[in-house]
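Sending over a structure as structure tokens; questions will come in a sec.
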Amino acid sequence: MQKLIEKASILTEALPYIKEFSGKTFVIKYGGSAMIDENLKKGVIRDIVLMKYIGIKPVIIHGGGKHVSDLMKKLGKEAVFVSGLRVTDQETVEIAEMVLSGLVNKSIVSMINMAGGQAVGISGKDGSTIEGKKIGGAADLGFVGEITRINSKLIELVDSAEFIPVISPIGQGAGGESLNINADTAASEIASALQAEKLIFLTDVNGILRSLNDENSVIPRLDIRQCREMGSSEAVSSGMIPKLNSCIRALEKGVKKIHIINGKIPHSLLLEIFTREGGGTEITAG
Amino acid sequence: MQKLIEKASILTEALPYIKEFSGKTFVIKYGGSAMIDENLKKGVIRDIVLMKYIGIKPVIIHGGGKHVSDLMKKLGKEAVFVSGLRVTDQETVEIAEMVLSGLVNKSIVSMINMAGGQAVGISGKDGSTIEGKKIGGAADLGFVGEITRINSKLIELVDSAEFIPVISPIGQGAGGESLNINADTAASEIASALQAEKLIFLTDVNGILRSLNDENSVIPRLDIRQCREMGSSEAVSSGMIPKLNSCIRALEKGVKKIHIINGKIPHSLLLEIFTREGGGTEITAG
Amino acid sequence: MQKLIEKASILTEALPYIKEFSGKTFVIKYGGSAMIDENLKKGVIRDIVLMKYIGIKPVIIHGGGKHVSDLMKKLGKEAVFVSGLRVTDQETVEIAEMVLSGLVNKSIVSMINMAGGQAVGISGKDGSTIEGKKIGGAADLGFVGEITRINSKLIELVDSAEFIPVISPIGQGAGGESLNINADTAASEIASALQAEKLIFLTDVNGILRSLNDENSVIPRLDIRQCREMGSSEAVSSGMIPKLNSCIRALEKGVKKIHIINGKIPHSLLLEIFTREGGGTEITAG
Amino acid sequence: MQKLIEKASILTEALPYIKEFSGKTFVIKYGGSAMIDENLKKGVIRDIVLMKYIGIKPVIIHGGGKHVSDLMKKLGKEAVFVSGLRVTDQETVEIAEMVLSGLVNKSIVSMINMAGGQAVGISGKDGSTIEGKKIGGAADLGFVGEITRINSKLIELVDSAEFIPVISPIGQGAGGESLNINADTAASEIASALQAEKLIFLTDVNGILRSLNDENSVIPRLDIRQCREMGSSEAVSSGMIPKLNSCIRALEKGVKKIHIINGKIPHSLLLEIFTREGGGTEITAG
Amino acid sequence: MQKLIEKASILTEALPYIKEFSGKTFVIKYGGSAMIDENLKKGVIRDIVLMKYIGIKPVIIHGGGKHVSDLMKKLGKEAVFVSGLRVTDQETVEIAEMVLSGLVNKSIVSMINMAGGQAVGISGKDGSTIEGKKIGGAADLGFVGEITRINSKLIELVDSAEFIPVISPIGQGAGGESLNINADTAASEIASALQAEKLIFLTDVNGILRSLNDENSVIPRLDIRQCREMGSSEAVSSGMIPKLNSCIRALEKGVKKIHIINGKIPHSLLLEIFTREGGGTEITAG
Amino acid sequence: MQKLIEKASILTEALPYIKEFSGKTFVIKYGGSAMIDENLKKGVIRDIVLMKYIGIKPVIIHGGGKHVSDLMKKLGKEAVFVSGLRVTDQETVEIAEMVLSGLVNKSIVSMINMAGGQAVGISGKDGSTIEGKKIGGAADLGFVGEITRINSKLIELVDSAEFIPVISPIGQGAGGESLNINADTAASEIASALQAEKLIFLTDVNGILRSLNDENSVIPRLDIRQCREMGSSEAVSSGMIPKLNSCIRALEKGVKKIHIINGKIPHSLLLEIFTREGGGTEITAG
């Protein structure tokens, strides 16, 4: 009985946070190990459904690069990358679309449904949610796109009907063609369009590190100015740079707070929301 | 960190209950020690506010007999009881109304406001919420009333605007006179009018006991038939009999479940809601 | 028959006023003899219910100092006043709250209900309607409060659902404590928050007098500038000065018109509304 | 002043009636002298506007046979009647439509607007409100119609937007042709379609008389059975018979009360509504 | 079968126009031969109903001068014109009102109803839609009015309930008197009040001509500046000058496009809407 | 010009059909050649967008077996069929889901967007729209599912927000697993759940044939009884039998009309809707 009372007491500790975030939109970039390890996956999904039930409005944008590479391999296609971006011919973008919008997206939708929520998968084409164009530049990367416009009407419709929107990062070109969009960028732009309270990146690292090789050197708090300085510092891993740029853009466009947290820690989403400390790195406008 | 993860895990354990009770109305009869002891009081209030934030619709009906007796004493009036009912002359009912609708009610409202909720006190006269008439019978009990009709419009209005309704058990007679209404009965009738999911009695005992003097002989589950049998058994304390009758009436009119729990146990309200076992005695229709 | 036709004709004379005030909010400070004499009381209540039915939105703020003093006396407490303000210790504020929110408020509610309206009593704590803090200054007056904020959400909710809001002048301090608020000030601040069309003070005098001792020297019309001058004139009774200051504040914040009328005249409220002349003193912004 | 107080007192006497009829629909057949005499006209219009402002929903159906005859005369056409019905060729029905929907209807609309209301004229063709077909029978009466269906959508739309609907008794045949409809019948059918609280006939007589030639022999109250008996009695004037039949039909279809009153008495509409006695003959279902 | 496929293909050609104009308001001044010739009339009505069904919001303002003159003649009254405006005494304005609001208006309403739409006739008096005053100037023209204010509430109400509003150009003077309003001006002012997408004049000419006597010299496109120049040119017929002035006013007040088209060409309304070329003269702001 | 007038005339010929079907739901099973041939595809898409704009509510359910087989082949998997049903192991159902929900669905969505509509792709998992279970029976067909429940909430939400729902026939099993659902059955069940006006099968044949090998022996009209008889006749191709059974079920559950038409004929959808004859076979309840 004493144990039950303690549990109940923990629930009431969450009250100030529930109150604070009630009715607020949280955009969650879901990727990395937390999307592969079955246990972590279940944990993340439960955390998201809980968020919805206590009045937060979660919006999920998922990645899935690894799954795309897997199918390409099976089909005998080799993945080619130029400065970190996948060269994407017609066949590759079709594979990406099938895997992301067909397999990964619907698998998340189905897991949320099973955990007691009600999810709706949205491709960037549905309701022309993500409009884009091919990335310009020296190398022709094919159907790699940058975002020209977010139409948030469908996301808001789905959210207001108590569904959880789950978005796959496939954009729609001006001629209707499919475009491979970076999921971090998509998350950042969608958070901006929704004027989200929080944009949370579920990653495989503890946050932004002061020393690249020291996992314990997490910087707990950054403002936008420091964020810009980090971009040109050597301390930052190459994989983190586009994330940083996405963060800067999102803050400039009105997102309140950004969190880079470690999806390998169980319930890292809830910890972020329901503790004063959170975890990882928190980035704010000023 | 490990401790935080455990805490988060406890939150997710509450998910199935949150999901189950989302949007449901819980009528809570608030009385006894939990209304007097400062710590218990704070605990109950926090539990109620938490319920509201996670999507349950709590409706509070409070008692306050002890506070009434206190003021009567100060004013030099002696309390007279006939078969457990307070004989209530004009002066007494004015004292009861002042204490219940003025002092006790507003104190609960204010505590809920301080705990992060938004409460609205409702006397049975407000919006003619509780209409009544003087109890008939051998002894003239004065302004002791029985309920003739619940007008739930104001309660529903207040609830739908995200306020927590807190109701004092003063009824309005046909001529506008104040009536002293038994709070258990008021809770039961209001739960019926609202077709509540649960009617919870916060008492000073562990539940309905099999043997009157054995606190550990709580009967965990009763159906309406057993409930009727209890009424004529000797095992039941005289104070419990009107509660039992209220329960039977409420179940007959469509309330789904009734719980008699011990308000002296910290967070007993949450335990009831968020654990399979609950505590105290649960009474159902069949 | 001829008499009936004349009566009907009187009804149609009211048409231009009904049309003019349809949908407008009238805040009425209800106090003085009109709250004590049974006949006057019934008249005021009927007038208010009629106003509601013909499309005006009446909002009542009542006083009740005399009733508070009565109970204090019964309880052997002596009322102490410092520059016209009641020194209010913890026990006194509890008495005030019981009397105002419990007894006086509910008695008005009940009378309105009996007269065919539907009223809802609101304490300043309900929905945190009146937030306040202790008055600063030389003397420690205890729980005498000034208003820091009016939250009009609950009043508007109640009004839009066709109920008549009846407000008792008890405020809620930052820590949830009860505060004794001057009812004239409360009426003025609430009228401002609601951007009322009219703020009407039901008093025991004929209006603002040119010569203090000449009941017939009523000033029919004042503007805000004249009102300020009156404040420093000797012609004004000390009891009228806080009323004048309340008027000035209300006009500055957007209330259209203020009326100081004599509640001892039967139907003085209706006369004010349905005749070109009205009665008492009318104060406007310019 | 005393006179003003008496006037205010008369207003409050109306309160119970205002309360009783608030939100109820009153269908008024407007015809006879009250539509011709300028003073009576102004009185009726003011009464109707007052009704609207105090929460009643008046719906006006007007006649205008005299005006039609006037224009026919000017155009050199002779009115021919067969058993009380105007033989209506194509030219006649055009004249009737012009006069009723163009002149009489808009004149009432305009007078209501001037008296402070907002009226909307509706011909039976607008929104296909009155669908009809030519009356069958021995004599070919041309474009005299009986009602086959009332479409009340437009009336309800107009009413809910705070306009007063004013309906001219021109029906729309299956081929779009205009039909001359008896205004009493139209009023009765519209009252049925709207499930009106009251259907009031403004006539030139004091009500239904016990002795045809004794103006003072008004029968104050009839039920539907007595009404049927009257139909075959000789006491009833021939002009009253179609009215009686309309009444019977309306009561059978759910109209609550029907009143036949004398429009020559000033404010007869208000008298009917705001006095216990009313005037004229009241007919109820039983 | 091949023919059917071609027909279906023509339907799909209309798609871009349907899409472009969906939900937009088109104000149509309906007059001239298209209101007299039975075949043209049927065509126009069908076109209007089709527009409504495919999502356009048509608002009709009709003329009817010829019908007015006809009735005046029958009644032995001679029409007198001063600088193109009908001198309108009391009797004449009554005739105009009867003909326009009673006959012409209801005939259009009825034809629309027969063609599968649902129309509602609105006189400028209904809902005080067209408020006006007598035209000032040298000659006393009697009840010829200019517009002082359009109240579009009733038009919008009717439109939103899926009815097609059909407006007769009779205005309401400050004293409730009827005013004869130029239908072109009424159409222009209503288009302005509704911020219409298009204002279309159905006339008897092909558009604005470069050479007055050459029907083939239609100017396809004008901007507001050119329109002003035309006004002082000799190329423009006297009948066209008020139309030009109406156009200029409408464009200045926010109407997007104005079209002057030939109502004698079958389906000229649809041609205007569903072809790139349209027909007649199109006038835009710049 | 004459040609344009003829075109406009064709548009107005469509009016009665537009009127008849305005606001009605048409469920379209989209498959066969019309989903493969680029020209036919464009035609179908335009027809669907046109339907939406003129007020019909189209709901698309697509197939895509050929595309699934193509990817299986590329991945070296052989398609195995047992009595016409694809044996579907875990890998196969993943391929089906990727192809149907990822590629085919989003390609249709994107084409509709390009043609001026706004589409939203819905997998049977989204919003748990199609719940199912594995088909029982002798042979273990793996993840081939039958429908246990249609949740139409998401479809209706999307439709009411002016989007066109495009549904892929992947169901969600009780454990969240993907199920391969027959698209004809899905269309039929969805039409039933939506109480559709029409269920249209776009096939590669002219309709149901009287003689299997005579393309010109189309039966234009069947009722449900005849439909049942066809099921056991030899005249019906084996591929048509499940369609017939779907039709019978849909009619039993309240779908008004079913059409089996030839998608190879350009604009066959529009022909079906906008001509009296339609084409193909029409099946009704009785």
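Labels A, B, C, D, E and F are assigned to the chains in the order they are written; within every chain, residues are numbered from 1.
Rule of thumb we're sticking to: a residue touches a chain if its C-beta (ideal position, glycine included) is under 8 Å from a C-beta of that chain, and two chains touch if they have at least 3 such contacts.
Treat the numbers as computed from the prediction; the structure is a model and nothing was measured.
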| item | value |
| --- | --- |
| Labels of chains that are neighbours to chain A and to chain B | none |
| Touching both chain D and chain F (chains) | E |
| Option reproducing the contacts of A-B, where over half of them reappear, out of D-E, E-F or A-F | E-F |
| Separation of mean Cα positions, chain F and chain B [Å, integer] | 56 |
| Centre-to-centre distance between chain C and chain B (centres being mean Cα positions), rounded to whole Å | 35 |
| Chain C and chain D, separation of their C-alpha mean positions in angstrom | 45 |
| Pairwise touch network: line, ring, star, complete, or other | ring |
| Complete ring sequence of chains beginning with chain A, oriented so that chain B follows | A, B, C, D, E, F |
| Chain B-touching residues of chain A, taken from the complex the two chains share | 1, 4-5, 7-16, 18-19, 22, 43, 46-47, 49-50, 53-55, 115-116, 265-267, 270-271, 274-275, 279 |
| Residues on chain C engaged by chain B in the complex (per definition of touch) | 71, 74-75, 94, 97-103, 105-106, 109-111, 113-114, 118-123, 125-128, 153-154, 157-158, 161, 163, 170, 172, 175-178 |
